[in-house]
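What follows is a pair of complexes built around chain A, which joins chain B in one and chain C in the other.
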Partner chain A sequence: MRRRPGIGGLQTAAAARDQYRLLGENVAKIRTDLMKEQLTTFRTQLEDFARKHKNDIRKNPAFRSQFHDMCSKVGVDPLASNKGFWAELLGIGDFYYELGVQIVDICLATRPHNGGLINLQELCNLLRQRRKSDREAVSEDDCLRAISKLKVLGNGFEVISVGKRKLVRSVPTELNKDHNEILELAQAQGFVTVAEVERRLSWTTGRAIDAFDTLLDEGLAMIDDGHRDGIRRYWFPCVSSISTAVGADT
Partner chain B sequence: MQKLGDFKLPQFFNYPPYFTLQPVRDTREKQVQLWKELILDYCRTQKIFVIGLEEEFPLFSNPAIERSLSHEAREAFLSALVSEGRAEWLDKRHRKCLILWHRIQEWANIILNFVKENGLEDSVMTVEEIRSGIESRGTELHGIDRTILMRALKLLEQKGKLAIFKGTTADDEGVKFSI
Partner chain C sequence: MAGNCLEAAELTGSGRPVLLPTEIECSLLSAVDLECEDLPNFPNLKSGTVRMVGVSGILRKEQEMWETTDKSLQDAFQDLNALMSKAREMVMLAEKMRQKLLSGSTSQSGAAEDEELGSKQEMQDWLLSVGIISPVTKESAGAQYHQQLSRQLSDFVRIPLERAGGMMNLIDIYCLFNRARGTELISPEDLLQACSLWEKFDVPVMLRKFDSGVMVIQNKSHSDEEIFARIKILVTKPDALRTGVSASDAAITLGIAPGMAKEHLLTAESKGLLCRDISPDGFRFYINLFPEIDPNNVYSVKDYGVYDTWSRVASASE
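Coming up: the complex of A and B.
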């Protein structure tokens, strides 16, 4: 199109711009439509898949976890509502609801011992012991999903990472960085001493004792003066499993 | 699970901090509760009636984790039992403690049932026979501590269920039931 000077030329240029813009919008719309169609197809296929593999999803934790991953990629949350296609088809809503209730129970029951902080592994173990008679196996991934649903209900549940472990918190206690570092140190043997904290973290005695005092007050730590070396040890029930504290089995 | 003889020890017994008196109130309460239950359970199943604080009582230490209860801790836990009416100090210095895994009233009821089940409503027995005679075998009364037995009998005497009379020696104190 030849550019022509003058008002006519400006009008032509404006018209051209408009046309390009319309074309651009159309292209975008077509792309979006295509994508929506693809997603719909994908979702339908996912539903078919879920129907076919319903039993595997229920019984196999690893399979279940991968299924969840697939769902989130497509923007589907089988747990979003307890009603609706997914929950009815798979009964998964009930499964996680039930898990959630059992998790709350276990956290309440162990709170006097561990102050409201329990390590994920122990929580799962206790959960499995409780569900021994159930056909459906439970994985740590399942626990995490159930807990994330609990969070939505505002139960104050939170999963925090300390070092290599995940801890489930069921009380409003906020742990600051100092507390976290102590917990991380404690993971090695289940306890720490003031000297160890001073040495490994380069803290002053005052800072260490402050942190320990808070942890004691919150019920997250217990003192132990019984070692023959006479040095006080601070034990943290949440980083050890009570049933394996000294190799004793249940 | 670790055992003392055939008694199953609870898991807290293997966790070192429980052998140190905890300073934080809520934690201490939980600790005391656990120890109270353990002591009562153990005494009930092993038929132990008296604990001497300075003696080697199996629950006071756990060699597997190299921990022992201090004297202060032992006294704290037993005092808690005393406050609950589940134990009594036998001396002012708190060296010996009588453990009432059945309260005196419960023992009294056990004696009443024992009498009824053996058709002894109007008969006479020595105190020693009650705790070691043939009829007592297999019952909770067998081997019962004499002090506890006498207290239960006196309680029943006050209610007019029996009369205690002295024999020629302390060994044949007798009881006439009138239930």
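Coming up: the complex of A and C.
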């Protein structure tokens, strides 16, 4: 536009500014439309995928796990909300949310026995027993995902690794390094003695007893004084390899 | 794909596999020719034809079945990959839009602002559809879905809250609500978002987070002061003066869950109302007598006050 001097020039400049502003608004509007369009395309693509592979996801835990991994790499959370496209079209939301409810139940039922710390394997076994009549198989990976969702509710639901096992915590107990080391030792036979802890970990008696007392307080350990040699054994239900049928029949 | 299921075998110097105690060596033949030695006129079955006969037929069928299952999963993975790249595009687009809305174009006037708010709402809804949760902030009211859920929940929790004494664990609400729903369950995040929205609406319930991270919902009318008053009464009874109060004792007297009781006792302690005592008998709470002790004259006991009551009770039990 040629710059014209005088009032004419000012009017032209004002008109130009207006036009730019309108253009700016239009650009925003175009972007919104673009977003809507993209969303519709995405939804259609997801519908196609669901039609072909919904069953694969439900029946095949390995495929399901792969699906989740890819989603998190991309930055979407298919389990974030029941209202998302994923839950709506693939129907996996209900599966995991219900799993969450069942996990909470089982942890509550076994808490008197293990103090709020349960072996992941045992949890999965109890789950499978409970869901015997149900259609879909539940893998450990599924349990882990359901638990990671429960975490946001603030009750201390968390998975911790002790040695080569994974334990699921359902109470806000703080376990420090000392406690973890004792739990790791206990995995071998299900119990430990003070002497063993002193020998294997090179701790003082005081430190060992302190740790044991806390574990007893939290209900994670049980005392066994019934042996002929008179040595006290501390048992840890959460790491014992024998899975008991506590609460499985409820 | 099958090749990754088994561990690699150790090889000897000449390239032969080392067999472990229970292993035998076998291999899959791609073709078998069968010859009958007894009957010279029996036709030889040579593999290489597509007809499914004899042993070769069985082996071939097995292989084909393997390959078709493999292929359908391969298809699934391919489709999955295509879907994910589309999803990635969506995420990037959503980010751009969100940045634009956040950076506020506050320069625009009245009518445009309404449009802005409208599109902010739309933005939230879209993000939710794609699977990106954006937290409830002062400015945003979250997705429409969560707003509706929020109102639904405030109605639903009324009765359970009454029964539980005015305060309930968030996780218990999650289980209760989903069990009642039956299908189309809500996710833990849905619940959290919906409860966080309560402070924006005029509802009689609120979400509360304790220092330990535990989250509860409680009636707005439920006040801490009332609970503390009841705790104080409990803890100044003669028995309690002597042996203190544990979480389970408090739970029974106050009529609330033991976990909640512990939270209340801890909060009361942080307010200076109680003192803790950790001993082989467990974790117990006593009334805090320190405020009544004069630091300049530690042994004087006034004729009134809890210290006086305590010292009388304590000496009476000797």
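Following the convention adopted for this analysis, the second predicted complex is superposed on the first by the 190 of 250 C-alpha atoms of A that agree within 3 Å, B and C clash if a C-alpha of one lies under 4 Å from a C-alpha of the other, contacts with A are read in each partner's own complex, and residues count from 1 in each chain.
Everything below uses one rule, namely that contacts are C-beta pairs under 8 Å (C-beta built on N, C-alpha and C of every residue); 3 or more make two chains touch, one makes a residue touch a chain.
Keep in mind that what you see is a predicted model, and the values were worked out from it rather than measured.
Contacts of A:112 after superposition on the shared chain: chain B is touched, whereas chain C is not.
By the touch criterion defined above, A:123 reaches neither chain B nor chain C.
Contact comparison for chain A: of chain B and chain C, C touches the greater number of residues. In the overlay built on the shared chain, the residue A:233 is in contact with chain B alone; chain C does not reach it. In the superposed model, A:211 lies in contact with neither chain B nor chain C. In the superposed model, A:225 makes contact with chain B only, not with chain C. By the touch criterion defined above, A:45 lies against chain C but remains apart from chain B after alignment on the C-alpha atoms of chain A. Overlap of the chain B and chain C interfaces on chain A comprises residues 217.
Residues of chain B that touch chain A in their complex: 1-2, 11-12, 14-20, 22-24, 26-27, 30, 64-68. Within the complex formed with chain A, the chain C residues making contact are 72-73, 75-77, 79-84, 86-91, 93-94, 97, 100, 105, 108, 112, 119, 122, 126, 128-133, 143, 145, 169-171, 174-175, 178-179, 183-193, 209, 212-215, 282-283.
Interface residues of chain A, counted against chain C in their complex, comprise 25, 28, 31-32, 34-35, 38-39, 41-43, 45-46, 48-49, 52-53, 56, 60, 63, 66-67, 70-71, 73-87, 93-94, 96-98, 100-101, 104-105, 149-157, 172, 217. The part of chain A that touches chain B in the complex is made up of residues 112-113, 191, 216-217, 219, 222-228, 233, 235, 237, 242-243, 245-246, 248-250.
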